[in-house]
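Some structures to go through are shown next.
Next come two complexes, and both contain chain A; in the first it sits with chain B, in the second with chain C.
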Partner chain A sequence: MEKKLVVKICTGTLCYVMGGAELQVIDEYLPEDLLDKVDIKGAPCLEHCNNCDGPKAPFVEVGDKVIAEASVTKVVDAIKEALGGK
Partner chain B sequence: MAVTNNAMIIRRDLLARVAKLLLEDRLVEDIDRIPVQIRPKNGDVSRCCVYKDRAMLKYKLMALLGFSIQQEDEEITPLSVYAKRALERENISEPPLTVVDDACSGCIKANYTVTNICRGCVARPCIINCPKKAIDFHSGHAEIDPKKCVNCGICQKNCPYHAIVYIPVPCEESCPVGAISKDKEGIEHIDYNKCIYCGKCIVACPFGAVMEKSHLVEVIQALKSDKKVIAMVAPAIAGQFKAPLENIISAIRKLGFDDVIEVARGANVTTTHEAQEFEEKMAEGQAFMTTSCCPCYTEAVKKHLPELSPFVSHTKTPMYYTAEIARKAYPDAKLVFIGPCLAKRYETARDPHADYMLSFEEMGAIFIAKGIDVTKCEGTILDADVFASSRGYAVSSGVASAVQKALKNHTPITPVHIDGLNKANIRELKGFVKNCPGNMVEVMACEGGCVNGCNVIANYKIATRQIKEIASSSDNRQ
Partner chain C sequence: MDSNKFFIEVDCHQLCEKGQSISGDVYLQKRSGARIIQVLSDGAGSGIKANVIASVISSMAIGYTYAEEPVLRAAKAVVDTFARGEHLNDVKQATFTIIDTDRTGHVKIVEFENPPRIILRDGEILPLPRIEHVFQVSNGTKLSLYITEFDALSEDRIVIYTDGVPLSGYATRRMPFGWGDEGIRQMLRHTVREKQNISASELVRKVIGQAEINDLFAIKNDMSCAAVYFRQPRKILVSSGPPFNAEKDKELARMIAEYDGETIISGGTTAQIIARELKREISVVMKRDPSGLPPVSTMKGVTLITEGVLTLARVKTLLDILKNSEVKGNGTDAVFVRMLLSHDIIEFVVGTRVNSIHQDPNLPVELDLRRNVIKDIAQKLETKFMKEVSICYL
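So, the complex of A and B:
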């Protein structure tokens, strides 16, 4: 079976309050053909918030790529790119 | 509402920064730096330039310090002066809302505008059919004079090219009772004789111009003092973080509260009273009864649906009973209600026992400022006296089903759910006086229930799932 692309959405409090809460339903924004190619999961604090000055939350990891100030469109685009889509 | 947009993110960023300064005793010294930190020279801008952005951030910070924008002394007065005043203030001020007038005005006066799709046709039905003669022709295109336009929409219906568009004014469109409207200068004003404090305009405004006057200063000052401070958390809290209720409650305790009481405990009392009242009213032959726990709905009855008032339950809200219990246990403490919406801020200001209100969003900002991660907090033991159904109050149909379970005399009950107040169902509610489709009407001003209040953090679908889980899993009688 093909390995799925892992998408980790930070559920730490900083990320959650700064908009990460809405990213928990990112699957609703993905086209159907991509849905079974990704494994979306909420993750405990990914520790990216400690590595920068100022609020860059919420953070999401799409494969090895870290997305700061993540929004629904940014994450969806990153997923499409990682899967080699259009 | 947990819709992610920049206006909301900016507000939360501001809240977290103010909370941090308060906690570190640097508010007066450093608050004037915040607008510059967020909008530094040569950085990104939201409006025309960094200077306008900074000025708007300053006004928003005034609201977060608890002031109306109209309380501005002079434009030149720095935030440090307001900060000092806020720290010395004895009482919270009303109304709970303020419109940042300079941030508003982005919206057009007339809702209809002619786009460049206009072909400048010979028929010109827009001009012929306009009852106010508001349309003229300029350089081959129709043009609407906003001073004459009355937003009837006849021109749009008649244009064969669909060249005329309707542009909503988001705050006005969202208000279910027509309480927000423009003055002569085009700035929105709230008519408090009509406002029901639903908070929909706060969420709707794309400029973030409608602001709540926060009690952040009062709450953090109280937490830093020697006084006892008690948190009363609304049932919707159980869905706000990706963590069990036990952990959320211990995280709130970590903010410095001496005790955290679930408002679900007061909901126990509401359920018992309301069930008894329902059975009495039905036995007396009353056609139906409505719930009374949503302060936005009871305000709507007072201001817009007076004919419904004989049918509204006299039972008090879960917050009222919780504050009563808390006051008895802690006579000298400051009581802080933590909840999901503006209407509860309005109710807090009128409650005989509660002192301040912290929204979920504000609570989240203090978590950020203190570096507390709710998901990493250890769990506490939940109050075993709280009925499972009381924890379900925050979700639409939760109140009616709690009442239904608490009936003692098997009175037949047909629940009707008004899920989110809007213009249409306010009219529908009026009709209930003559013909009600059931006998127990549950009204929640927010669609989906309190989990979808104007100040929540979590997406309401996820929050609903979490609440339903805890409301069905708690091990006790109801």
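So, the complex of A and C:
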């Protein structure tokens, strides 16, 4: 069975407040041909926000890649890139 | 756990006579330590005058009871306050029933001119005798007081009401002589057998609801029903916030795993810590919540997992605006509050590690410090909803 790409969306306080609420329903924005190649999960906290000077919320992990200041567009692009060629 | 220590749930529901702006029935409650004193008084007539009389009578009754004044002397003073003239109706300006109870389950009921109290045990009416005591008021009239004393067992209930309840339905075709005490007893027996753990709150609402139907929704007499329910306390633990010191993570996880009651974890980081320590999987329920709050998660052995400060702030707001224990809605905040209000003892375990990022002034919303929000929630649960609350900091 083909292994699905795991996409983790942080649903913690900071990420939610900074735009994570929209990302929660990202499956509504994915093109159909990608939907069954992706496993979208939530995480109560991805622990990327602890660095005051570092990258900013909201955070999404697409496979091994961490996306900061995630938006629907950025995440969909990252998914396409990760699945590109498959 | 001390097996003699009950949780005592009390509630009263009232409706006033159609056309009146205020009920002539007054219900008062006084709590002091493990003691709860309740008084239900029915003022003569209806409207404001009756309410004033009943208010004075019931505050006097509660005051004397609290001060442990000898009952007959207190009754005389109370009845004398409004007694005028020689006619019996002029003397009996208000009724009262006093229920004096504490956490050991010892009960004393003092009744003056109200319909008789009902004691329910194991789905049946307990045929406890009440002792008549005669006392004399200033103008020489002799009156009777009825006193019952007993020790309650777990799941016992006491129900009292004013005469508007047995009189309901009077002169209707269905019940020309009114619902009557026997009709009420039958309904209570049936209700507690059908739903054995029915709360005092739901029970009194059912009684008054039926009385209102009996009167065809045009209430003819002020009606009140109060109940006492002795049971083992229902406990819930709410964990929010990572422990200040990571060394305490294990302790927090152990508290959750070993807790004798339901548990709520409020906070993503907190939930992750507990999941890691207990080696349990945590999964987020990815769907929009009607409240607009971040989604909930599930983990084996934990009743509810929510996000932290945003949810707690909403819980606090909801507790502020609620008028009674009825919570409507299916959002996470409503579910959380419903869970809190359906338990008697609420124990908060607050991790004091602060996520400094939450205090960034550039954030689009203001996030209060978790421990302050929880202190407010605890205070509301204690004072408005009579819950037993404790907060421990880790």
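We adopt the following convention: the second predicted complex is superposed on the first by the 80 of 86 C-alpha atoms of A that agree within 3 Å, B and C clash if a C-alpha of one lies under 4 Å from a C-alpha of the other, contacts with A are read in each partner's own complex, and residues count from 1 in each chain.
Please note the rule applied: contacts are C-beta pairs under 8 Å (C-beta built on N, C-alpha and C of every residue); 3 or more make two chains touch, one makes a residue touch a chain.
Nothing here was measured: the structure is a model prediction, and the numbers come from that model.
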item	value
Touched partner set for A:V72, first chain B, second chain C, both or neither	first
Touched partner set for A:P31, first chain B, second chain C, both or neither	neither
Touched partner set for A:G42, first chain B, second chain C, both or neither	both
Which superposed partner A:V17 touches (first chain B, second chain C, both, neither)	both
Shared chain A contacts, counted only where both chain B and chain C touch the same residue	11-14, 16-18, 21, 24-25, 42, 44-45
Interfacial residue positions of chain A with respect to chain B in the complex	11-14, 16-19, 21-25, 42, 44-45, 54-55, 71-72
Residues of chain A that touch chain C when the two form their complex	9-14, 16-18, 20-21, 24-25, 40-45, 47, 49-50, 52, 57
Residue ranges of chain B in contact with chain A within the complex	2-4, 8-9, 12-13, 16, 37, 241-242, 251, 361, 364-365, 367-368, 372-376, 457-459, 461-462
Contact set on chain C toward chain A in their complex	267-269, 271-272, 282-286, 288, 292, 294-295, 297, 305, 307-310, 355-358, 360, 363-365, 367
